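What follows is subunit A paired twice: with subunit B in the first complex and subunit C in the second.
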Partner chain A sequence: MNLLGEIREAIKGFYSLAVGMGVTGKYFFRPEVTVHYPRKTVDNVSTYSGHVELQPGKKNPDGADCIVCGTCVRNCPSGCLTLEVLELMEENPDLEKKPKKIKKLKALIYDYSYCSLCGQCIENCPVTALGFSQHVYWAEFDRKAIKMDLVARLKDQLNAKKEAM
Partner chain B sequence: MSSLIQFISRLIPLELIHILIGLVAILAFIGVNGLVLVYVERKVAGFIQRRPGPFEVGPWGILQTLADAVKLMGKQLFSPSGGDRLLFWLAPMLAFAPLPLLFMTIPVGKNLVAFDANLGLILILAFSGLNVLALCFAGWGSYNKWSLLGAIRSVSQAVAYEIPMLLAVLAVTLTTGTLQLSAIVDAQGVWPWQWHFLTQPAGFIIYLICAFAETNRAPFDLPEAESELTAGFHTEYSGMGFGLFFLAEYSSMVVVSSVCTVLFLGGWKGPGPEILGFVWFFAKVYGLVLLMMWVRWTFPRVRFDQLLNISWRWLIPLSLFNLLYVAAVVKI
Partner chain C sequence: MTTETLCGDFYTHCFQAEQDKEHEGRLIINMGPQHPSTHGVLRVIVEMEGEYISRAEPVIGYLHRMHEKMGEIKTYHQYMPNMGRVDYLHALAWNWAYIGAVEKLCQIEVPRRAEFIRVITCEMNRICSHLVWWGAYLLDLGAFTPIMYSFDDREQAVDLLQMITGSRLTYCYYRFGGVRTDINDAFIAGTRDFCKLMKSRLPMYKDLVTDNYILRKRCEEIGVLPLEMARRYGATGPVLRGSGQKYDVRRAEPYSVYPELDFEIPAFPEGDAMARYRVRVAEMEQSVRIIEQSLNMLPQGDFMAPKSPKRIKPPKGDVYFAVEGARGKIGVYIISDGSSTPYRLKLRSPSYSNLSLFAELAKGTLLADAVSILGSLDLVIPEIDR
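Showing the complex of A and B:
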């Protein structure tokens, strides 16, 4: 490159520096786009995929649609789900037949500390009783505190919704 | 009362009292200035990146740097094993010690100067060079490859940028015919078009670029490049060892801005009564400091060969031409 070309390059470089200063100078006076977290929170968390939780059921609005098949437990690669099943005898049984056993969901213990959020449990659930939560602002001091019963959590959520209504 | 002053002045020379008062004021200024500038820097960075900056300690976070200073003072001081303890602890002191001396010769207002040396400019340029020695000691004494690389970079950078800086300063002294800072201010008028940055625009820009490099500020912060050398020469320092380097960096920013103000921007002169000269002076100095912060949060760090190319291939020839231009046009 000859001398004139180099000088032209240098002048162009200086011009680009001025453009950069203009950009940051403009942003300096623009309002801030961050949120003061503990005092304010954002509300656009609809796309957030948090921990696994039981969804309120379509057939059973007071609880989950879970049929206690155990697919989620078998599919979990981290082994962080445990089913606790309540076995009941069918009411009003026909006297001729043997009474049927009904399996009901007692508790679904979920250890979030092992969960890798792979979503295998959600994808394989035959009745789509599981889903990702939008529980963004969650922090605990103890690892044991994030091991929870999803049935109890769903019940709390439904109760809270009822009280709000 | 007057007899008491006479008695004291016979015991201690008045000039010494003058210097002592100035020194105390300067040391107080250095501490407060460090606290304020660190806060301002973080706020500027925040606003440019469209976030609030420090916000939690005190209203708008103004006590944040005070809390940080207390934290730094409370920290344990470590010396790296295998390092040279003497050089290691000499370095932060050597970085900080010349600063009061640098501030002493700077005329803040009319007659408002701690020690009006007739070779003030030489004094400032000579003692600000000690900073390189401090960085060199820090890098060598740390027994750490990153620190040593930072020190090597700082030495070659300082050598490269001292030359165009001196040539730009020389052009100013050529027109004023003096090295006394107050006399250089007196050579310039009250209005902006009587200041040197209009008669010597090239010298002004060259001085500014060199000032960034001399104070190790971004985009020329290679001696402490975080992403390459963790923290460069001050990697191994904890607590106030690091604090003194930090204080020295922010104070030297003010020193180069003050010298730039004196040489090119009319010093304390400005329209209005002379007694308010210090207001003009500080307005100009902190305007330049804000410019340095603005530049830091705009431009990425240059590569090392680019850094040296800017100096050897552009700034030194340009400053030589500037010297010729000043000698030919301005003097005649």
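Showing the complex of A and C:
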């Protein structure tokens, strides 16, 4: 390559550099687009689907509406839900009749570390007792710490709500 | 087979065995599996002669998760979340390929509104994917600033997708017979704004990067892929279109409402890394066009077929369904034996074919150019390994 060609190349290079610097220079004076976590957080967390949780029931405001059908457990692809059922004999003053068994939800163990947030459990629940939470900023050192009982979690939430009122 | 042949990895079998006179003095380097320029756990064993590559062999399998085998033990509904994890950058295309295959097998009708929602979200996701590639590729080439701009734009799109799908990366949004949630006015308005934003940003990208002299030196006439070779390896997507073939599944095997939409298939005949770059940038433009048209044509109605089945038990038979992903043709082949789980599920991933031509393409190039070639193929490693 001759000298002239080299000079032309250098000029071209400098020119494209100047154009690029112009663009970055312009953006340098634009307002910041990032958020300094944890001092500030983004404002669209409400649309995010966090982990699965039991929703406060419509029929049963002190707990969940769950009817212990087990559909969510069967449908979960990752097997991260386990039901613990409390079987009670119905108190029946009528001694003639056989006492009926009623099932009550004791615990719904949910292992977040396996959950793929697919929503199969939520969509298939016949009474829409489950939903996605907005609990997004959650970090633990131990995997076991993100395995939880959803019933206890709901109870805590409801208690906290009551206290706040 | 003796135990000797069973020991060792790809390197021991194919490189160490050949340490004879001819290969003496050649340097062997491992690129990866934890090399930043391989975008994931891809290992490339490179044999160097001075600064030039005499042989480059990709070694895959570091990220194998048995997605295909999982398909055989999970029910049709339960397999859905897997699709978001095959290719995390264009998750919705994989969603669509699987859902579409099952819908074809069971002949499930999809409402028109759902089709348009799928088109809008899938194209949005394609833009996100190309933006990530754009930033990461330039990062490979040593330019740090562009990825900041591309992630800024991608953030807008991801926020919008989060609004309706609830997730930011591994979407599981399409359902048999529709989509999970309907789109709302906020999403439509936001998407229109995003299209406007992209239209103003693309010329900026051109000024900042495409016309940059230094970048062009790193891309032009680097890794020239002749069309014949691209065909031989079964390359699809921007890699094939960068070699001049106007092949796009959205046009070649039309699905959904794509035949009604007006868009072009960008193709550049040069076949070098720059051509592949140009194809992707032009595709972003076309995707914006598709989104705008779909928003205008969006009909009212159901977003989910009213008779969408809760349990899928398809008839006996097999089905193949392909969609155009950001990296090429994504195909899902299902053989059903009439039970609630597939008998066999085969995933055709474009990155796998696109990677296979790297060995031939990189031969005789400089090591720094090989990084550029690898980047220009836009590989997503989880998709290669499945």
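One rule holds in what follows: the second predicted complex is superposed on the first by the 139 of 165 C-alpha atoms of A that agree within 3 Å, B and C clash if a C-alpha of one lies under 4 Å from a C-alpha of the other, contacts with A are read in each partner's own complex, and residues count from 1 in each chain.
In this text, a contact is a pair of C-beta atoms (placed from the backbone, for glycine too) under 8 Å apart; a residue touches a chain by one contact, two chains touch by 3 or more.
Values in this document were obtained by computation on a predicted structure and should not be read as measured data.
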Query raised in the report: Touching A:19, do we find subunit B (first), subunit C (second), both, or neither?
Result: second
Report task. Quick one: classify A:49 as touching subunit B (first), subunit C (second), both or neither. Result -> second
Requested in this report: Could you tell me if A:165 is touching subunit B, subunit C, both of them or neither one (first, second, both, neither)?
Outcome: neither
Requested in this report: Could you say whether A:36 touches subunit B, subunit C, both of them, or neither, answering first, second, both or neither?
Outcome: first
Report task. Figure out whether A:3 sits in contact with subunit B (first) or subunit C (second), or with both, or with neither. Result -> neither
**Report entry** Comparison of subunit B and subunit C by subunit A residues contacted
**Finding:** C
Report task. Mind working out whether A:27 is in touch with subunit B, subunit C, both or neither, as first, second, both or neither? Result -> both
Query raised in the report: Where on subunit A do the contacts with subunit B and the contacts with subunit C coincide?
Result: 17, 20, 23-24, 27, 33
Report task. Under the touch definition given earlier, write down the residues of subunit A that touch subunit B in their complex. Result -> 10, 17, 20-21, 23-25, 27-34, 36
Report summary line: subunit A contacts subunit C in the complex at 9, 12-13, 15-17, 19-20, 22-24, 27, 33, 44, 47-49, 75-78, 116-120, 123-124, 132
Report task. Write out the stretch or stretches of subunit C touching subunit A in their complex. Result -> 74, 77-82, 84-85, 145, 149, 152, 155, 159, 162-163, 166-168, 170, 172, 180, 204, 207-209, 211-214, 310
Query raised in the report: Across the complex, what residues on subunit B touch subunit A?
Result: 44, 46-52, 55, 294-295, 297-299, 314
